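Dumping the structure here so I can ask a few things about it.
As written, the chain order gives the labels A, B and C, with residue 1 at the start of each chain.
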Amino acid sequence: MTRKDLANFGEKLGQQPWGLWLLQAQRVVRIEVRRNLFSWRATWVFFLAFIPTVIILLHTLFQRHPVMEISDDTNVLAGIIQIYYIRLGIFFGCLGIFSGLIRGEMVERSLHFYLLSPVRREVLLLAKFAAGTVSALLLFGSAVIAGFTLIYSGFGAAGRDYVFNGPGLSQLGAYLSIIVLACLGYGAVFLLFSMMFRNPMPAAMLLFAWEVINPVLPTLLQRISVASYLRHLMPVSVATEGIFALLTVQTEPVSAWAASLGLLMLIAIVLTYSCYRVRSLEIRYTSD
Amino acid sequence: MSIYKHSYRAYTGRLTPVWSRVFVLVRYGFSEIWSSKITIVLFTLSLLPSIFFLFGIYLANNPLARALVGAKNVGFTSIDAGYFLAMLQIHCWLALVLTSWIAPRLITFDLADNALPVMLSHPISRFGYVAGKFIALFSSLSAITWVPCLLLFCYQAYASPQGWTGNHLRLAAGLFAGALIWILFLSILGIALSSWVKWRMVATGIIIAAIFIPAGVGGVVSGVLRTKWGMLLNLPITMSLLWQRLLGAAPSSLGRRVDLPTSAIVFSLLLAAVGCVAMLNARIRAREMVRG
Amino acid sequence: MNDRIIFDDVSKFYGEVLGVNRITLSLPPGVTTLVGPNGSGKTTLMNLMTGLVQPSSGHISVLGVAPDNATEFFRTVGYCTQFDTFPRGLTGFQFVMDSLMLHGISAAQATKLAAQSLGRVNLGDAAGRRIAGYSKGMRQKIRLAQAIAHHPKVLILDEPLNGLDPMARAELLELFQELGRQGMHLLISSHILEEVDRISDRVVLITGGYLIAVGNIHQVRQEVREKPMQVIVRCQHPELLASKMFAIHHCVEARIHPDGKGVFLRTGDVDQFYSMLNDIAAEGAIKIDTVAPADDDANAIYQYLIGSDGSAS
């Protein structure tokens, strides 16, 4: 590529209607979040996100909290994040949210309304992805914050001390960044599945099985996994026995930056390919 | 237009018995299940473990065969309750995968295509409709659970010394009961969840999620509230305990730590089944109410 | 030609199944009706035009813009599809508003335009209700409202009169005619041939994925030379007229009208026929009340060119 080619490319890039695309993307996000999150149809995702919060609330209200149990509760919270949220809650939540963005609308025969609007298809796809991410983050992020707050509030001053003067806040920050990356990672993969397959569920179930057995695979294959990157970001190790060790075992150590960057690269590649595929998407509604 | 011919006559010929009409739905259910190539693939995969277990039984009872494959001096697996427990578990979990694929095919197509008013305007009740679908699913799951397990038991009985069968009849009963409980539960769960959503894709995911999400929630309950009762929501663990007790196998390390009463396990399964029946009652209707 | 809808040798195959084959069309402003039996390719043509499916070969442009340039294309095109499904949980107003917001229009302006288009299809009162509770006719109207809300220059309507009662049909037909007169392109697919007759400036006949005829109904009828024109003549002595017409060899068939006050005459040469009829009228022996073509309509050309089994004849 010559300097002239780069200059031309830069000029073309500058001439694109970025302002209009941004406006349209914002509106698609608003429409999608309103339709999919703030509606009765989203009840199940609220359940997935907040059921641990409700259980922690019961624990805070009705059980005693001697100070020596702070470390136990810290481990329990880490277990909830790593085993429940990453493996189950966010996995299935994102599966439902992101599969519904394209494939769900094809099944409901309503996708053509978007394709008949003056929104470029790539902008539409990325905006839908953003909407799904916003929905997932709003739910799971607030659930984690609420759970974290509740679990330490039961300890009174000792809990406050742990959070503000101890490792609490940095742990919360780590958990939230794990939630963000999990939502982005699973979201991108499920969005791609929904564009590649008429029924993305078998592929999703294979991914579920892959994520479970991932720790026992060779190092190279471990890189093809969302959960494997997230394991390295956990601030607290969770030790379990038996088959559940598969869900938590430490693998070859990787720095947090490398893990985050690796996952972001995976997300970028998946989204780029999805944008390529959406250009040739056709509306052929057949029976499911 | 005046009516003057009076030549129209309703059908007055022979009718089939009322009870047999459910089997029309069963027949159509089978045709729908087996019209998919993926069903055939999954069914074949589900029967593959039987071949490995069969081979294991053959080797365990045949020293010459063991010598031929070079396993003569290796301590070989004995065909006991633990062996049949592993067999039952593998077949039953594969039945879950098959259920998640075929249960939606039975119900969601009717819902998505708005066929329920047509189906239920025939002389068949809602119970008959659900029974037809249930029988189709139950029969398909039987073929990959208790049928191959009992056949393997029969083979072991044939290959083993005299007296083995009499001493191990409990295993046969345990295999049959364990598989039956599981596939009865899976069938009602699969049909209920498939009726709750109109789209097959979603139904497949929900059936799998319905097993694992409560397991996760149960783990959270046990961990946060420091109680073993959360494990009642963990179907993989409760079914393992139930099967282990039915077969009289030695409890695993997990089973020793999680000591749930059998009655509580059965009660939780019954409660879930009642919930599924309630879902079916709400969804299998000839009309749909739209509010607003 | 920036005021035309152009199909340039467009074909679409769904695997081995033919959708449309080598369609070349150039449609000016006005009302154009797509006529053809079920499965003939009308919806495929409309979906190709709007980019919902991609052509296997050929090019399409609408007012000089290709369908893959969504930003510019859908500002000027509105498509009322035949799919009777909607995003779940929306009211009629929300449905139209969401569509307008994607055009980049401000919320206030979008509200105004939404109210206008809902009023145009007489759904103003029901706009606050959920679409899931609408009748079939109301769902048809809300789809139309959404298609016209942004004031497109080209309106594509796939069987827009399905499910509507006679009053609603008449209102919408009047609306389509008015829009056509204002210079909009309207492309309508319809099975209701009487209505095609009433509103169309031109008709496109399609069957089995192939283009059969394009043009004004009367022009197309005249092109169908192998089918003699049928004329109805209302007069006092129809049997006398019939015998005179047979005598001058331009008439191939005569049938007395059931009420006995007219005769259907078929002729292979309509110009000579009218000339002879003038002469007969001038003789004064037969008083002729009216003369009119009896098969110069969409129904007739459909029957002649497509036939009752849907195949091209």
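Assume a residue touches a chain if its C-beta (ideal position, glycine included) is under 8 Å from a C-beta of that chain, and two chains touch if they have at least 3 such contacts.
The shown structure was predicted, so the numbers you read here are calculated from the model rather than taken from an experiment.
Novice: Whose C-alpha centre lies nearest the centre of all protein C-alpha atoms?
Specialist: A
Novice: Quick check for the class: compute each chain's Cα centroid; which one is farthest from the centroid of chain A?
Specialist: Chain C.
Novice: Suppose each chain is reduced to the average of its Cα coordinates; what separation in Å results between chain A and chain C?
Specialist: 50
Novice: Compute the distance, rounded to whole Å, between the mean C-alpha positions of chain B and chain C.
Specialist: Taking the average C-alpha coordinate of chain B and of chain C, the gap between them is 55 Å.
Novice: Where the centres are mean C-alpha positions, what is the separation of chain A from chain B, in Å?
Specialist: Chain A and chain B have C-alpha centres separated by 32 Å.
Novice: For chain A, what residues touch not just one other chain but two or more?
Specialist: 108
Novice: Along chain A, where are the residues that touch chain B in the complex?
Specialist: Where chain A meets chain B, its residues are 48, 51-52, 55-56, 58-59, 63, 76, 79-80, 83-84, 87-89, 92, 95-96, 99, 103-104, 107-108, 151, 198-202, 204-205, 208, 241-243, 287-288.
Novice: Would you mind writing out the residues of chain A in touch with chain C in their complex?
Specialist: 17, 20, 23-24, 27-28, 31, 35, 39-41, 105, 108-110, 112-121, 279-280, 282-285
Novice: For the complex, which residues does chain C have touching chain A?
Specialist: Touch residues, chain C against chain A: 14, 47, 50-54, 68, 70-75, 79, 81, 83, 85-90, 98-99, 101-104, 146.
Novice: If you look only at chain B, which of its residues touch chain A in the complex?
Specialist: Touching chain A: residues 38, 97, 100-101, 108-109, 112-113, 199-202, 204-205, 208-209, 212-213, 215-217, 219-221, 223-226, 252-254 of chain B.
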